[in-house]
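Take a look at the structures listed below.
What follows is chain A paired twice: with chain B in the first complex and chain C in the second.
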Partner chain A sequence: MSADGRGPATGGRAAGRSDEALWWALFSAGGVMAALFVPAFVIVTGFLLPAGDPAVAAERTAQFAAAVGWWPVKLALLGVLALSLVHCGHRIRHTMMDLGMRRYSGLLKVPCYGGALAGTIWAAMLLWVI
Partner chain B sequence: MDAKDTMTLEIFRYHPETDSEPRFQPYEVPYNEDWVVLDAINWIKDHVDGSLTHRWSCRMGVCGSCGMMVNGEPKLTCAAFLKDYYPFGIKVEPLVNFAVERDLVVDMDGFMDKLQEVKPYIIRDDVNDTSEGEYRQSPAQLAQYKQYSMCINCMLCYAACPVAGHEDEFLGPAALALGHRYNKDSRDQGQAERLDVMLAGEAIWGCTFVGECTVVCPKHVDPAGAIQQAKAMAAQEFFKGFVMPKGTGA
Partner chain C sequence: MSGQYHRSHKWAWFFERPGYVRFMVREFTGFFVGGYLVVLLVTLSKLAGGGEAAFAEWLASVSGPWWLVAHLVALVASVWHTVTWFAVVPQAMPIYLGENRLPAPVAAIVMGYGPWLTVTAVILWWVLR
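This part shows the complex of A and B:
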């Protein structure tokens, strides 16, 4: 659309549906994950597990670690982490666009979603060894 | 009314043919509890300065033509009461995010184009003969889109939206809500056609869910909600595209 807002009907917009639906769907799923599970993890691992008598806490933590070692739990954790990371990457990408980098929206996918992928691989490696 | 009971309206003035730049002009208006900002502006035009230019019609929140910035907020001036600002002054400006045509009047052409882009009418593949009567719809089917059909095109949501201000490709709250209104209409068969427009470039994806459109909407259209629903619809269509590629009857 031209500066006076009188451009042709589809002016300036690339024809065809954008692939943004995919990123938005992952972003949206990640938002639910991040809002639902991440605070719960922080409360459990950060506050509840280490609370009280250190000896009891250590035993409790060992039990928790054993549960996390079970592969279905590992898989679920990886899912939560991967989606939360994509959520984060998408939000950063859109914030950069709002801050004036809209022209580079395609290029920004590389560090933002690439970062989420790298974080997911790292999390997978950590989960593998525990 | 007490003779001293007045209020000051500072009004944005700009006549492009004579003014090199816009200025604010203060006007003293009688304070009347029953008056809305539009009454005060009309009083100025009738009694003080006939060159003041503004749009209005219904005076009852129906026509959508009296939208202006009142103390920095997008408002229908026929629904903004002086008593809510009294005794402080009121600053009146044209809606932001639009080019100014003259004083308080903005250029609506871009907005009108965007409304038309979403094909805001019922599209049918198979048109029934009129002898078959109307396309029937249940109250539940009506409820699916009724809220989104209440828009009066006042453009307050465009003035409230930071994305509408800097992204020309973005269709904007009212146009997207209108497109979604027809996509949700059980009588319509034009969803695919409409989504081709709504899902291109930044047309809908420019929205970062700021939500101010819904806050300022005088008709409780909830354009932000419509946009979220439309995005979810787009995501569904996107994944359906893998399962049932186009042309296989999807």
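This part shows the complex of A and C:
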């Protein structure tokens, strides 16, 4: 993603001992996952499930629950969610840096990657129960 | 501390050129996609937590007009993320057939739009069938 201006050396530290390459690799993988899955997810949970007709909504909810309850889907969903969350965290962190918070690039890791980690743990706990 | 020099600039530097604005619009999809993912987690928590009645109640509240607008914004932002992501993929991961580089539009279809439409069709078919 060279057009991104986000090579591994943009973290504010020397590239050799930077963890930026790791975040960038996860950002990249998450970008693919978000690109492939999130639009369909939005259509399903934002428009198809909250259908006006309760009978239709119940039918779709049953289909949704059946899919989410199947363990291969759970595993895939957890992977998609984890990588997409890290992707968003990384992108938000770099956007904040671009908007004048570059001096806090280290501190920004806490809410951005910590939030992604918390969301992943929550997703794992939810999918375990479902 | 870092020993690196960063030119100081206004926070609104990206209004200087249309290309910078496009860059920032793309970057801001991160906020909207991230926000939607949190809503998706809440949706899953309702499914995991309270049974069918609680989930139906959650869906009823999400069907309100402001939620529809929010989801519409999330849909536009996520599709824009997809389009801009697939525009960059052929540059980042060029495919070579022998000596010849696969043209960017073909690579975008093979590595991006094809899988995207397949995934989307399967998910929508499953819920709607």
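Keep in mind that, in the parts below, the second predicted complex is superposed on the first by the 103 of 130 C-alpha atoms of A that agree within 3 Å, B and C clash if a C-alpha of one lies under 4 Å from a C-alpha of the other, contacts with A are read in each partner's own complex, and residues count from 1 in each chain.
In the analysis below, a residue touches a chain if its C-beta (ideal position, glycine included) is under 8 Å from a C-beta of that chain, and two chains touch if they have at least 3 such contacts.
From a predicted model like this one, the values you see are computed outputs, not experimental measurements.
Undergrad: After lining up the shared chain so the two structures overlap, which partner does A:Trp24 touch, if you call chain B first and chain C second: first, second, both or neither?
TA: Only chain B is touched by A:Trp24; chain C is not.
Undergrad: Counting touched residues of chain A, say whether chain B or chain C comes out ahead.
TA: C
Undergrad: Once the structures are superposed on A, label A:Ala55 by its partner contacts, choosing first (chain B), second (chain C), both or neither.
TA: neither
Undergrad: Does chain B (first) or chain C (second) touch A:Asp98, or do both, or does neither?
TA: Once the two structures are laid over each other on A, A:Asp98 reaches both partners.
Undergrad: Who does A:Ile130 touch here: chain B (first), chain C (second), both, or neither?
TA: Second partner only, chain C.
Undergrad: Between chain B and chain C, whom does A:Trp122 touch in the aligned arrangement: first, second, both, or neither?
TA: second
Undergrad: Where on chain A do the contacts with chain B and the contacts with chain C coincide?
TA: In chain A, residues 1, 4, 12-13, 28, 94, 98, 102 are touched by chain B and also by chain C.
Undergrad: Chain B touches which residues of chain A in the complex?
TA: Interface residues on the chain A side: 1, 4-7, 9-22, 24-25, 28, 94, 98, 102.
Undergrad: So in the complex, the part of chain C that touches chain A is made up of which residues?
TA: For this pair, the touching residues of chain C are 2, 4, 6, 9, 11, 14, 24, 27-31, 33-34, 36-41, 43-45, 47-48, 52, 55-56, 59-60, 62-63, 67-68, 70-72, 74-75, 78-79, 81-82, 85-86, 88-89, 91-92, 112, 115-116, 119-120, 123-124, 126-129.
Undergrad: Residue numbers of chain B touching chain A in their complex, please.
TA: Residues of chain B touching chain A: 98-99, 107, 109-111, 113, 116-117, 162-163, 166-169, 195-197, 199-203, 205, 208, 231-232, 234-235, 237-239.
Undergrad: Can you list the residues on chain A that touch chain C in the complex?
TA: Interface residues on the chain A side: 1-4, 12-13, 28, 31-32, 34-52, 54, 57-58, 60-61, 63-65, 67-68, 81, 84-85, 87-92, 94-95, 98-100, 102, 119, 122-123, 126-127, 129-130.
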